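First comes the structure, then the notes that go with it.
The first chain written gets the first letter, and so on, giving A, B, C and D; residue counts start at 1 in each chain.
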Amino acid sequence: MPQLLAQRPKMRYIFTGGKGGVGKTVAAAGLAYHYASQGERVLLASLNPVHSLSSLFGQSLSGGKVVEVQGAKGVHAVEVETTEVVERYRNSIRGRVKEFLKWADIPLDAKPFIEIATTNPAFEESAMFDRMVDYILKEGEAFDRVIFDTAAVANAVRLIGLSKIYGLWLTRMIDSRKEALSMRVQLSFRKEKVMEEVKKDPLMADLISMNERFEQAKGVLVDPERTAFFFVTLPLALPIAVVRRFIGMVQKFNIPIGGVIVNEVLRPEIALQEGAGEYLGNKYHEQTGYMKVLYRDLGPLVRSYIPLYASEVGGVDMIRRVSEDMMSYAPPFAAELSGGA
Amino acid sequence: MVGILETPFLWVVATIALYGVAYWGYGKWIDRNVWRSDAKKATPAHMYMDGVEYFPVSRYVLWGYQFKSVAALGPILGPFIGVTFGWLPALIWIIGGNFFIGWLQDYGSMMLSVRKEGRSFGPITYEFTGARGRTNLLAFVLFYLVIISAAFIALIATFWNAFKGTTFVPTIGILLTGLLCGQLLYRVKMNVFAVTAIGLALVGLSLYLGPIFPVVLPFGLWNIAAWAGICVLILYLAAVLPTPTFIQPTNYIAFYPAFAAIILILVGALATPFTIGASPPVGIQLDMGPFLTDPQGVLGPIWPILFVAIACGAISGWHSLVSSSSSAKQLDIETDALPVGGGAMLSEGLLALAYLIAYMVLTKSFVFGVAGDATNPPHTNTASWPVGAALLVSRIIGVSATNVLLTTFFGLVLVIYALTVQALVTRFFRLVAAETWSEGRFRIFGNKHVSTAVGLGVPWVFAVSGSWWALWLYFGGANQLLAGLAIMLISIHLARVRAPTKYSLIPGVFMVVTTLAALIWQTWTFLYSVWLFLQGDKSWIVRNVRGPIQADPNYILVAVGINAVFVLIGVVLFGVGLSMSIRLFRSYRSSVVEARGRAPAAADGGTRER
Amino acid sequence: MADSKDPTTSKSRGRKVRDAAKGVMYGMAAHGHVTAALRTRMYLEHLFMFITLGDMLGVPVIPPYYSLRILPYAVPNIKSWKQRVFRERDFTDQVF
Amino acid sequence: MGLSTYFEKKGDAGIVIFAGKGGLGKTTCSAGLSHYMASKRNRKVLCFSTDPQASLSDIFDRDIFGKGLISVIPQLDVVEIDADRRVADYQEEVKQKIRSMYGLTDIPAEIEEYIDSTSAEPAMYESATYDAMADLVSTSGHDLYVFDMPPFGHGVRMIAMAGILSKWVGKITEAREKAQEYEAVAATLKGAKISEDEVLRELQEIQTKITRFTDLMVDQRRTSFFMVLIPERMAILDTERALEMFDALGLQMAGLIVNQVYPKELADAKGGEAVEFLRNRARMQQKYLDEIRSKFAGKVVAMLPMYPREPRGMDMIEKVSQDLLFGPAL
């Protein structure tokens, strides 16, 4: 890991993803702590629909505001909230519906319809993405590094990939909006007035600005100099399978891959010593087996290891330990395997 | 005994003949040489066909629709005031006005709208006079609607109050029937013939019940006010319920009795010579000859008053709205505009004539009332029309002219006419209000219920306080002014396409000048009344108001206030109308100049706008 | 809609007159009602189409998943629908 | 005594849902229960997941993702829904319909573009997943559905989607019906005959499908909703949060399943550093197990041990199913 970080000093935007429960948040926190300990200002942003930063650090970081983590100087954390953004979307749409119903004299209550038209679950996701872009383009500027703890990998990739998907979607939206507005002008008798309204059509403005920002964001997200996506996994079959499956997808969105971080690695000196009992022994052998597979498939990408600790990772002190181990620890089999690879 | 010459018969024949000339002669000529209507040119109905607002409809259907929409209360009450100057001037205006102006307006505004992609008046005004002009029109229409409402509410109240209270039950009957028919159509999805049958049966029933359960309010002088209140409540409901479930079915079911009345009276009027010898004789009664000079001296000089008193039948601005708002969007081919627009208007002229005859066959004292006669005080005998109509009809169906069912029937027709039109007007007011106050500080007035309440409350105040003929003249003034403005729009368009304009310009100018004059006169009357009051003469003040305010000396200051308010209304109507006219004249002038600049290739009937 | 159009097909004079009379009666009695009903329907349809295919107007509404099931039926009307939605209406258009 | 007691009390459940934070063993439980119900209780079971991470493929050790119904053992079918694929097929279906309806060889460009671009619509993915589930449950004709739900946040959205979509369909149906009403009146008045509305028919179809599904989902009698967690602080905290969300969506939890529990005796085992390591873990777990007991009193219906080997493959699943149904509860 240290070498990588050394090679990529300008790496500002770091994402961690992986199968649920593999310790994405732990890894992200570890990285954040590491940079902070180098005296940098680090922002650790959780993009999970259900945040776990607070529970990890054992202190309230919720509320959607950036706060400095107590006891971890330089680490700033935020559990990203989307409510405001979503509300903005909904309002601009409400406006449009009202405009439609201006002369309408209908025998049923339009309110519920407006409600439905404005409850689009996609808003959550796009809002989340919107905020992410904010943290990349705006808030992020105030920090030396921005580390995103994303949702389970599929969604994470999707979320990042949205810069591409939204690209398509937005351009279509903008086109059809353009068509709509030009039709309005064409079919109006008060050309000037309507022209004015059309010029400052809030929805159009929203769409366009979004598009621009997404374009910028895309530029950042695909720049291997500045961005890296880390897969977190356990030395187990399922999580590794997931990594294997999604690494291609990440490349498809040409998001630069930072590497793989292996979590909960059993230390041989613990597992194999006298009196350890066959339980740990089995686990250890199982683990090495899976590690072989991992190395076979994406050996050079394995960047660092987080050992399995005697107690659950939680609280700043544990995080410190994690960050140190991430930078330094390598289980003995790593060397031989990579040698073998 | 009366001879054929003393019956209205010849007048009817003469009018029909003259209208024939107006249609086949003058009309066709205008259509060919001024508008150059072209059956091959695509109309908006085809260009923007959407099956809802724009779609072609056969000329017969459209004629029926147009006729139904334009022929309502106007031709009944206009003549009622008109005859104040004697029946001959009224007759001449109904014939001449319609011949040179009336049909020309209805037809012209339809053609104009057709040539303007089916745009209605607002947009056309906007095009010709700019945003300000349209706002100006908006303001004018707003007041116009208030005044119509006031006049109609007053009338409905008066009618319910008159006829010994026999018309109320049938009215409610018809409204409920309408509601029921709506439900039968929408919920039960019943076949339309069945619905009609049921509806008519119920209408008949309620008509029959009318005289059996007469409703007479106990409030004496306050009766009118109370009736007006009831009327307002009904209208409020009509305005807030969706049109297709209440107003429309009611219109539908109410159409049949109204139609029957029209036919009966027309036939009756034609039949007069052949019923000679009957007693009381059905001849022209209005004694003192065909000319009268305003027996009560309340109205003012025959010019301009007569010309605003008789609106529909001679010419009415309301029609231009109908023509451009819906009919023009559904005109199948341009050449249909003459039969639909012009034809409908000329037919309404006949209607006005027939109704005028309904007054002609009554005695002067009956129509105008007798000073000091409590049962028939001067100028309040609104029962005249039903009675006259009954008299005409009684002869051909062979019942007594005083048959209560017959008079109730005609009274009912009167009320229903007023009510259905007024329901429309109220709804329209709501829309205009919504447009005027859609945003800004007074947004609240744009609200459905608030605007409806305002659009009924304010008129109610006028209705119960001002004497109704005063209201009617304001309404006439505004309405005819609107007609004038419509004709000006037409002239502007014709000028722009370098078609001959004098045939519309002259009537346009005449209408504008006349109506503005009428408005001034009216305003002046009220102002003068106030002035007299300050001199100590209360008579005029009192004369302009009605009901308890008129009777009770304690209300004298209220009366003065009302007069003052009427002055204000007059000033506003005049002011807004004047500025609108000026804008239009300006626009006309510039159009002429600008058109001269263009190659004389125009006069193509307007294709060059597209 | 155009079935209220002049239905005279045969040349027979009596027939023509009868149809004309029918047309006139229909026009006087029902036409207004019909157009009013159609207008109300139009606004309901606007609402419907807006919520199903609203993103055709560049308004991001509910996911179009099930809208696609409806799309095939809407195809012929889309143009006129857009026209109707976007035509600027004036208060004088609404009188009747 | 494990889930078996629960199901004896409960009788035949229609749907069993396993929800939980990622990686805590939802898939394991789903597989275990399905296997038991199919092999021992002889029910016709469909085990499905909407999670693109294809954990079922991994645990059953065969490629299931997007392959449709795969029968792994008699009576037990497994499905992993591939939403992206479904969207694509669906679009083609729609295009085909348009072509055939109007006898077109190619669709108007505008329309075609529209259809294509919908796949970019952000919520299309969820809708498709949701629709796929609805289809499965309302048509596949199994008598037990085991739903391996995606991790919390997205699981919640999944359910929310159900609510929104059915409301949506309901509303537009209402609008459409009213419109038809007026259309009909216009027709009767014109003496024309009323044409029945295909759109409405289409809508009603969708409606019935959705309602059948959502009814089943929230029907307390037919549906059992389990949460899986492990005895760790974060897991407990997150589970609490998630519970509130699901509650809000009308999904009542039937019980908790605690996974990856170290044998109790380890907690007070004697021995060297290694054992100490395990002891720590075990003790920690005991602490959190107590916390779970107090926080979710009476809710815990089953416990799964920390297996020496990652649960995978049939024999492992069978073992899990034993522990799941008959293993010791708290």
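Keep this in mind: a residue touches a chain if its C-beta (ideal position, glycine included) is under 8 Å from a C-beta of that chain, and two chains touch if they have at least 3 such contacts.
Here the structure is a predicted model, which is why all the values come from computation and not from measurement.
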- Chain at maximum distance from chain D, centres defined as averaged CA atoms: B
- Message: I'd like the most central chain, judged by C-alpha centroids against the all-protein C-alpha centroid.
- Response: C
- Message: Taking the mean of the C-alpha atoms as each chain's centre, how many Å separate chain A from chain B?
- Response: 71
- Just give me the whole-number Å value for how far the CA centre of chain B lies from that of chain D. 68
- Item | Rounded Å distance between chain C and chain D, as computed from the means of their C-alpha atoms | 44
- For chain A and chain D, let me know how many angstrom lie between their CA-based centres, rounded off. 24
- Message: I need the residues of chain C touching at least two other chains; which ones are they?
- Response: 4, 26, 30, 33, 37-41, 44, 47, 51, 55-56, 62-63, 83, 88, 90, 93-94
- Note on the structure: Note: chain B residues in touch with at least two other chains are 119, 122-123, 126, 192, 242-244, 431
- Message: If a residue has to touch 2 or more other chains to count, which residues of chain A qualify?
- Response: 102-103, 105-108, 113, 116, 119-122, 189-190
- Message: If we count contacts the way the header does, which residues on chain A are in touch with chain D in the complex?
- Response: 19-22, 48-50, 52, 54-56, 106-108, 112-113, 116, 119-122, 124-126, 151-155, 158, 162, 165-166, 168-169, 172, 234, 236-239, 241-242, 245-246, 270-271, 273-280, 282-283, 286, 310-312, 314
- Please give the residue numbers of chain B that touch chain D in the complex, ascending. 185-186, 189, 191-192, 244
- Note on the structure: As the complex stands, chain D meets chain A at residues 21-24, 27, 51-55, 57-59, 113-114, 117, 120-123, 125-126, 150-154, 156-157, 160-161, 164, 167-168, 171, 174-175, 178, 232-234, 237-238, 241-242, 271-278, 280-281, 284, 308-310, 312
- Touching residues (chain side chain B, partner chain C) in the complex: 48-53, 55-69, 119-123, 126, 138, 141, 192, 242-244, 247-249, 251-252, 255-256, 259, 321-322, 324-326, 330, 332, 424, 428, 431-432, 434-435
- Task: Write out the stretch or stretches of chain C touching chain A in their complex.
- Result: 39-40, 43-44, 46-47, 50-51, 54-63, 82-83, 85-90, 93-94
